[in-house]
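Just so it is clear, A, B, C and D label the chains in written order, and each chain counts residues from 1 on its own.
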Amino acid sequence: MSTSFILSFHCPDRSGIQSKISSLLYGNDAFLTDVQSYSDEDTQSFFSRIVFSVNSKTVISKISSQLQTLGIELDMVWTIDEQEKKVKTVIAVSKLGHCLNDLLFRAKYRNMPIEIVGVVSNHEDFREIVEFNNIPFHFLPIEKNLDSKRKQESLFQKVVDDAGAEMIVLARYMQILTEDLSNKWFGKCINIHHSFLPSFKGANPYEQAFSKGVKLIGATAHFVTPDLDEGPIIEQNIERISHYDNIDDLIRKGNDIESIVLARAVRWHAEKRVLINGNKTVVFT
Amino acid sequence: MSTSFILSFHCPDRSGIQSKISSLLYGNDAFLTDVQSYSDEDTQSFFSRIVFSVNSKTVISKISSQLQTLGIELDMVWTIDEQEKKVKTVIAVSKLGHCLNDLLFRAKYRNMPIEIVGVVSNHEDFREIVEFNNIPFHFLPIEKNLDSKRKQESLFQKVVDDAGAEMIVLARYMQILTEDLSNKWFGKCINIHHSFLPSFKGANPYEQAFSKGVKLIGATAHFVTPDLDEGPIIEQNIERISHYDNIDDLIRKGNDIESIVLARAVRWHAEKRVLINGNKTVVFT
Amino acid sequence: MSTSFILSFHCPDRSGIQSKISSLLYGNDAFLTDVQSYSDEDTQSFFSRIVFSVNSKTVISKISSQLQTLGIELDMVWTIDEQEKKVKTVIAVSKLGHCLNDLLFRAKYRNMPIEIVGVVSNHEDFREIVEFNNIPFHFLPIEKNLDSKRKQESLFQKVVDDAGAEMIVLARYMQILTEDLSNKWFGKCINIHHSFLPSFKGANPYEQAFSKGVKLIGATAHFVTPDLDEGPIIEQNIERISHYDNIDDLIRKGNDIESIVLARAVRWHAEKRVLINGNKTVVFT
Amino acid sequence: MSTSFILSFHCPDRSGIQSKISSLLYGNDAFLTDVQSYSDEDTQSFFSRIVFSVNSKTVISKISSQLQTLGIELDMVWTIDEQEKKVKTVIAVSKLGHCLNDLLFRAKYRNMPIEIVGVVSNHEDFREIVEFNNIPFHFLPIEKNLDSKRKQESLFQKVVDDAGAEMIVLARYMQILTEDLSNKWFGKCINIHHSFLPSFKGANPYEQAFSKGVKLIGATAHFVTPDLDEGPIIEQNIERISHYDNIDDLIRKGNDIESIVLARAVRWHAEKRVLINGNKTVVFT
């Protein structure tokens, strides 16, 4: 029986990359089912995601060791993962639970390729629903002083480390991560911001949108960086609003987009479709 | 045979407005076919658009004189227009003609309720297609000094006045109107900006969008005010882009949205659907 | 303190309806905040939804009794409801719970104006999550014979009656209601069909869509009638797919739209925005 | 100076295709900038589109001759085209010119990679605008008998042949092509149908949509086959409508989508992004 793997990589662009990689795979009897490669002119980088199946898992160690060698030659950053493997994920949330609820349901019933290994919150509102899903809930409150903030974040780090998490999802978590944590988890920590970035960064984006009289509101999923709401954008979407909509309506309509946009970003990241290209992303469909 | 009229008004909000207006119309045997009213809590204003038909045009003068009286009582700003009447429009354009071409075609073949009475441009690129449509083309070049700018704008004003225009459409006109002209035409001059405002104001929005790595690009039609790209928004829309799209692709995809968004705003304004509410708009569907 | 009410009505079209209604309301010191009226040429019918506030609830009985009289004169079908009142709702579900989960969360945390008074299912899969939400779960299995079908449906009717439900939502309930139940609940029973109707009626719409090679898939919320997937459409939406998507992807992407489309239809119906016009609907925004 | 080429192919699926192709290209110093490959499980076919640049055009004949050999080995259907080359196109139109006007403008000003070498019409309405664009206009009227139909179509064929056309675009051409012409041009003749297929095939789709009360209308661009409105779908899109929209509004809103959808399909086909897979298409973004 065959097993599917995903090879995802980027490297400085040059001739022959595709040829060398596909020869390597073909030489190991890999059967390619999806190949997407992209050469970025601006950064002179080559990005690729290849899905292939092999008849025995043992061949993967051979492929990996050959990739090791080729990777050095081509200066590649690469990962290889079994397609079925679920990504261990910690979710952080504050007072609004629509994204959390959506991710819990998707992980349980809807084939989302993540395993939620813990939920962190600075509030207790969602303990019940998290524990109902048999997931550890970590109540990590925070007081309005730097010391409490630091302490809480080191507990957050411990939760993540102890759970062996590979991804952090900030699902309407209303705390700004420290530079330290942001940097450490760069490329593995996804936030949902409730506006169409770069419009309406920071606090109260729906109030900002309302006062500007825009006709569409949006949501943006992006990798977290130390610069607030500035990390590489993974996915965005919008919803139409009108003069009939007050701020509560904006929030309600916006929350629907947030759930969808975050779920897509999380899925794509878990499926190794998202590669970082400077301050942007390459997202293979 | 019956004729349709559009009554459009706003006034400070209070009890009885709808009742008084509809009694006035009913008292003159008007038959209402579309009524949309909206009470804005923030500005305490009442907005309404009523489409009605009457059996003889003469009754309109009676309705108008009664509205005069009621308008004073309610402190109303109102207009009444025959539904079939086309709005005399001057279009301004620079080097990109997709919006112009779209509006020319709509005005000629597609029932857009405007009559294009002139096209102004600081370039000669579109003289041919404008004149092919039997519309006067006014080449008003402009040099990079304030004096030339002022002179050109007074010629622009003259064109508009001589043509008896009721609306100005800036269809990718790459000149900033002076405060004077902006103020004079407030609420009757529509611009298309090639971004999803308030993101990417000013010059080169597609370059800005590209460098930010957004996943959607947009266009915004708004009333012109002396503050650049800040006037009340009438309509916006977006298109999905991906890492595959370079700046030329963004421009191409964006141009398609610009044409549609501008055409909608122009149509809605010509149909008296757009009422200004502070720095926002009420748009009745 | 003022209370808001929604008056929703339709009647044969004629002159003076808006005037008479708004005079009646004004005569009782009602303050109108949202008025939408629509006159349908084809069916010669007038539809209206008026939101108004009054300072005391007692005035509503006076308004109602005057509407009684006017209703006879104008041959009106009308309802008047307190805006804050939640609509008692029974949800039916089979093996796919995304719509159910979404509605449960919205009713609990997200201001959806319904009170879920029971969940009916021919399977036991969602007993746990329903009971976790403190809502009665009714397991009503069904065998593949007409007798079992009839018996189960009479139990269904009993659940609905005992709970005092005012609306039934078929949230991926894979049973066809009998003509009897459909007729009895006409205009108060909403179904979500997982295709862009009228395409792909009946069974396995995603398989149908896949085999046709369409580039967009859709979902449709409609009132239930005895004719399968034929009732008046309330809301539809679509999602883009590509050749990369297999049937599982179509189902996954489709399920997201189903949840949103059904939630909108349920909210709009609960807010009295949906009026039936022959085999169509009028939906006031 | 380097020149860009597009290699587009499909073949029965098997191991090593990607490897063999990319080695062939690498062996000729081709620099790959965009690679998209897709393996279809249902039809066991492999589809690929590769954009590459070479430093001299002469190497292309070498690449082509090697592809000849490899093509036989792999049972490939392949084409190789210079990226800059414009596709010679004949457009057919009847009484509605919005798609024609849009394509004329795009071909002239907006970088659409087609050269319009002739316009055929059974009416004279658009002679003026076509000739204004310096394109031959062929008035080929048709009477309501089979003989006239046959005669007209043979004239149509002659126009296409004489102009050396590589693509036919039916831009709201209200005549059904004969089986003969459909078959001859299979995969090179694109039609725009004014509905969201498979809903509302055949005549008067907007009337059909209106009478069904759908909330979205659509347009579909597809390859023409002898079965009316049944050919492989290339692109679709939709627009939201409401009860306020009468049939004229549906037509107006629909026409906007038709132009966009057809323009996309034509561009993608001209850019060799569209590969036929049975009754479906693979469209590389």
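Criterion: a residue touches a chain if its C-beta (ideal position, glycine included) is under 8 Å from a C-beta of that chain, and two chains touch if they have at least 3 such contacts.
Here the structure is a predicted model, which means the values were calculated and not measured.
Between B-D and A-D, more C-beta contact pairs join the chains of A-D. Using CA-based centroids throughout, the chain positioned farthest away from subunit C is D. Per-chain Cα centroids separate subunit A from subunit D by 37 Å. Averaged C-alpha coordinates put the centre of subunit A at 41 Å from the centre of subunit B. In subunit A, the residues touching two or more other chains are 34, 38, 41, 242, 244, 285. Taken together, the subunit C residues at the contact with subunit B in this complex read 15-20, 22-23, 25-26, 29-39, 41, 48, 285.
Contact residues of subunit B toward subunit A in the complex are 38, 40-41, 196-200, 212-216, 218, 232-238, 242-244, 246, 277, 279-283, 285. Residue ranges of subunit B in contact with subunit D, taken from their complex: 34, 97-98, 101, 105, 109-111, 128-129, 132, 242, 244, 248, 252, 255-256, 260, 263, 285.
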